[in-house]
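Order as written gives the chain letters A, B, C, D, E and F; numbering starts at 1 within each chain.
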Amino acid sequence: MARIDGREANELRKVKITRNYLKYAEGSVLIDVGDTRVLCAATIEDKVPPFLKGTGEGWVTAEYSLLPRSTQVRNIREASKGKQSGRTHEIQRLIGRSLRSVVDLKALGERTIWVDCDVIQADGGTRTAAITGAFVALVDAVNSLWTDNSKPFPVKDFLAAVSVGLLPEGVELDLCYAEDCTAIVDMNLVMTGNGQFVEVQGTGEKSPFSKEHLAEMLAVGQEGIEVLFNFQKDALGQLVWKVGREG
Amino acid sequence: MARIDGREANELRKVKITRNYLKYAEGSVLIDVGDTRVLCAATIEDKVPPFLKGTGEGWVTAEYSLLPRSTQVRNIREASKGKQSGRTHEIQRLIGRSLRSVVDLKALGERTIWVDCDVIQADGGTRTAAITGAFVALVDAVNSLWTDNSKPFPVKDFLAAVSVGLLPEGVELDLCYAEDCTAIVDMNLVMTGNGQFVEVQGTGEKSPFSKEHLAEMLAVGQEGIEVLFNFQKDALGQLVWKVGREG
Amino acid sequence: MARIDGREANELRKVKITRNYLKYAEGSVLIDVGDTRVLCAATIEDKVPPFLKGTGEGWVTAEYSLLPRSTQVRNIREASKGKQSGRTHEIQRLIGRSLRSVVDLKALGERTIWVDCDVIQADGGTRTAAITGAFVALVDAVNSLWTDNSKPFPVKDFLAAVSVGLLPEGVELDLCYAEDCTAIVDMNLVMTGNGQFVEVQGTGEKSPFSKEHLAEMLAVGQEGIEVLFNFQKDALGQLVWKVGREG
Amino acid sequence: MARIDGREANELRKVKITRNYLKYAEGSVLIDVGDTRVLCAATIEDKVPPFLKGTGEGWVTAEYSLLPRSTQVRNIREASKGKQSGRTHEIQRLIGRSLRSVVDLKALGERTIWVDCDVIQADGGTRTAAITGAFVALVDAVNSLWTDNSKPFPVKDFLAAVSVGLLPEGVELDLCYAEDCTAIVDMNLVMTGNGQFVEVQGTGEKSPFSKEHLAEMLAVGQEGIEVLFNFQKDALGQLVWKVGREG
Amino acid sequence: MARIDGREANELRKVKITRNYLKYAEGSVLIDVGDTRVLCAATIEDKVPPFLKGTGEGWVTAEYSLLPRSTQVRNIREASKGKQSGRTHEIQRLIGRSLRSVVDLKALGERTIWVDCDVIQADGGTRTAAITGAFVALVDAVNSLWTDNSKPFPVKDFLAAVSVGLLPEGVELDLCYAEDCTAIVDMNLVMTGNGQFVEVQGTGEKSPFSKEHLAEMLAVGQEGIEVLFNFQKDALGQLVWKVGREG
Amino acid sequence: MARIDGREANELRKVKITRNYLKYAEGSVLIDVGDTRVLCAATIEDKVPPFLKGTGEGWVTAEYSLLPRSTQVRNIREASKGKQSGRTHEIQRLIGRSLRSVVDLKALGERTIWVDCDVIQADGGTRTAAITGAFVALVDAVNSLWTDNSKPFPVKDFLAAVSVGLLPEGVELDLCYAEDCTAIVDMNLVMTGNGQFVEVQGTGEKSPFSKEHLAEMLAVGQEGIEVLFNFQKDALGQLVWKVGREG
């Protein structure tokens, strides 16, 4: 009944958040969740996509990539195939959308924040680790611009993400790759610091699932996300008080 | 408080399913949901993707496209841009995954069913209309192969999809484009005939949402999907009894 | 000696032109020629290609596509291959060039009319059906701008197209796909309302052809095009008198 | 009334055909028609496209390209744009189709002949010069395989092409670029040695044209093509008698 | 006269080689040379490119990429541009060629070793750091196959690379990015353990250079490479004796 | 011991430089080096790449291509593959960089010179022949702008290139293709008229090489380049005195 790596059903893997991993980026984080390792870099660019020009609003966008040997079997480099896969598109849209939900784009002004999430090692849950790590890199990048504490800080709330699955053994939190392969239902949750949902994505490819299982997965996921907020706060240190500050 | 087109909060738009719209396809459906019109064609191919060769199992995959002038402003043809957008990838992955959830791929045998969903006119809810219509085309395509009634029919259950949103006025079913633009939360639900979930995708880009709103959206969505099953059954006529039949 | 579908040698298939098939396009037509069905949409854009900027002249351009299951065997979506075939390029160049021949680009002013021809079902003669249908959509699109009847109308004359072929049984009009496959010579004719040629494209891939056969094909084709003008006029109703009007 | 370069209305530009221009190709020709210069190379490959495998039949296919500085204004290299233009596709399809019309593909056997037409300098009429030159290269390439004179030679007849146009001054043969720019109608003719048509392509982009002008262009074009056959025969020398030989 | 970071003219930056950085790769190294950090992963695949099939010989090939925020200004991801730059092609060809020079491809047998070099942080000398690190990853990957010590080990000799430049202040070893920008001549050297050259690439874009400067750069570079061999040997530990072993 | 074509070890193949081969280009050269034949065209464009806008400086850039049948076995056209190979990128970067080393980009002003090198026939040494020929085309193109002799001429010195290799028989100059295939070391040298190096690129793919062999190759290569300068000067005639002229 115990999980493959001995964890409890509602236990996260070991999490480690290393801030300022890169020398040049305005914000950067190396996040480890078990053997999953993602490098998140936030870059500030002083222009916006065409549909926002002149509106005074900013934008947050994400790109995601698996390094070729982050996976058990080498995956072919998308740059050499000449196009990004559907999976890559889907994930980077999810990351961007999630981050935008806690950013006051008007307060940000006409700037784009590019968030690059490059997976160094993939052992399940890369997209949720990317969101959790990218949030911290984003705060650092915004902070590099927000020296004047009288102005409201454009990051409005905390944001973290976790996977939760329905396995033959029951609902389990934060699936590693081996668990992911046997999951009946795979769910990704993104939540804000005040306990609300940003994304709820549950997929029953092996089999559909009941309302009751949905409720259980939501509960277990929320529990896990609350622990992740603590890791983010530990990493951010004194910056914690800036998040959500109204000036 | 009334909706833009006078509907009740939990009321679907007018649905019409035209079977066998195309001459050559093994299964084809033109589905209208309000002013949204999608052409769904199912094609049977006698081979499978490399990862299934020799396993005896089949595959179901989908492609999705907006015709250039299905939208209010002409959208550039992806064939002439030379690549499909992230949105297209995301939607066609959703359609394929959803359909596979009700197909017994082993019973299907080493065949691929290609499901093409081409949007003729887009007024919100194109991906859910595509799933609802594609299911009917899929049944027809499978039926063209399954003449021997003693063998179990590989489509195990009904499948339909609907959108539901949280608007400033409250939770509403089956959003048209104008409503979609003002929605705070946008959710797509895919369910099976026995009342279980296949996909739950809720996104709060404008604002995160509470557990209570989530529950309300799930309830209203399920109600709508049950009505859609009736439209599918009317369209399928005598084929209804084949779905889920074990031989 | 009778044709595969019982027609006379110089007889068109059944033609049906449905105007305003789409809700958003400035002009749109669904044209059926036998089992060939093409959706033609005309869009007005308030800019011109770089080579026309500042000249005061407008432009008309066309795009053409086969839906994947318009054909007997599913054809791979060009958007997913990432490029358009040589056949597609050739056809869309032909459609654009033909339409431009009856438009007064100076009178149109610095605007582009995009004409999208998407083949829903293909049973031979898709490019000629596209031209015949697109002409009607074009008139509607231009009419949406030309409310002031004192200004000359920029569509100068009617335009229609037909295929004609040399088969073992002799010259035949408006080939269906099965006939097209056995044709020795394949010719496409585009003509204007005043009986002049815009395009004459005859190809003898199976065998070269004589001057006499060329003359016969031109005669039979012209006969067919005159019938097509009547279908266009019926469809256009009161707009007929605008075509060629000098203000 | 005289033409820009002093020619008569029905006079070709100076033609020069240099055989065996390249060291490695099975057949190669450098053809000059006035200032238009095209390098044609024919390559024999011992396989056929998938649709011909196992049929015993061969194939002839062509590729066409403008060198970047063949034109007055440098044209961007298609290899660096990453795709071939519609014009290139249209021309290479025409060249391939034309050459196939005089080749007995059954007699050729399961081989492909690749014909590369690279325009060194472009002064109008590049596609017709390419066809006229490519024919000679094709004969040389086939001859390199056909050492046994008792077998029928798979090139059945001569083939050449010319442009003819309707200008304000009347019908003129073999237009140079400056003439091409002022032409009302532009026609390309491809004919066989026995005086039959392979391709008739007339386009009236500036204005439609009458049956009488069509007849005049066909007559003047045929006259020009007969002169081109003489240049081909001079170039081929003793190989002339092989063309059309039945073994 | 001192260098920007206080080094001597012939002094390397700080080097650190971390073996087995990745969990799944057959060989992997994280190499730091000053602030330049490259992740090198070696993967063994049991097939070879078409030109080697059936020859009994193996192949070594490399891919190189800059992570978007490895650089001072974010560089656009090649996967999202859809093609690799000329610079990327040039560098990955250099890495592959260099590694092959010390591998006995016959002894390797029909296998491909893929070497992925992903630059995490770029402060000059990324291609030479990639070669130096990739060599160690390659030895580990080969070692994972070569358990039988009686067979000759297919890596024949050590291999390392360094940059050396001619600056206004004179010849300097191992340029950081700021130095690289002011270099008159930029040279990359790849050498084997026995003191021979594999690649000598010197480029004088700002100004050509004399035979004397060339000789000085070669000498200083060789000195630096000998130090790099020591770092590789320290990292490889007991594997050192396998390199060049004849069984 | 004699070379395959009877040359001495330090003997160039037969060189022929034909100036003004093209009608439209500002400068053009057809260069033959043995059986290698390259067409070099220089085009002047009145704008510069974005990174130079407003700096007052110009740019020189090169493109390189093999015609499909320049080689023994037909090589697939890069325009039809949709991308340029790594080899092409590497060569065109080398050509551009080399030419820029002898051009005073400030004196050139905000203009780009495009140098197109298209290989008509390839028998080894195409990149070095391209550089040697392109230099002459470049001088002609610059001269077309520099009519006022009181202004310094922006081409500062002569530039030529040659290959030299280490073969089993010893060091040999200007390898033909057959020699290139057996070379142990392949080196390309680019030098200026005053005897300095612009590029030194030596590659020992078959085997590494010693300092002594490097010195010998440099000496033999320099000897060959001095002969090439004479061919360039003969071709340029009276323009020779302009090169390096300071006004």
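Assume a residue touches a chain if its C-beta (ideal position, glycine included) is under 8 Å from a C-beta of that chain, and two chains touch if they have at least 3 such contacts.
Just so you know, these numbers come straight off a predicted model, no measurement behind them.
Steps from subunit C to subunit F, taking the shortest chain of touch contacts, total 2.
The greatest centre-to-centre distance from subunit E, using averaged C-alpha positions, is reached by C.
Subunit B and subunit D have Cα centroids separated by 51 Å.
Between the Cα centres of subunit C and subunit E there is a gap of 60 Å. Taken residue by residue, subunit C touches two or more other chains at 82-83, whereas all remaining positions touch fewer. A ring topology is adopted by the chain contact network, closed into one cycle in which each chain touches exactly two others. Order of chains round the ring, counted from subunit D and going first to subunit F: D, F, E, A, B, C.
Those residues of subunit A lying in contact with subunit B across their complex are 83, 85-87, 89-90, 92-93, 97, 100-101, 157, 187, 191-192, 194, 196-211, 214, 218.
By the touch rule above, subunit E contacts subunit A in their complex via residues 22-25, 28, 35, 39, 41, 43, 45, 63, 65, 67-72, 74, 77-84, 88, 114, 116, 118, 120-121, 123.
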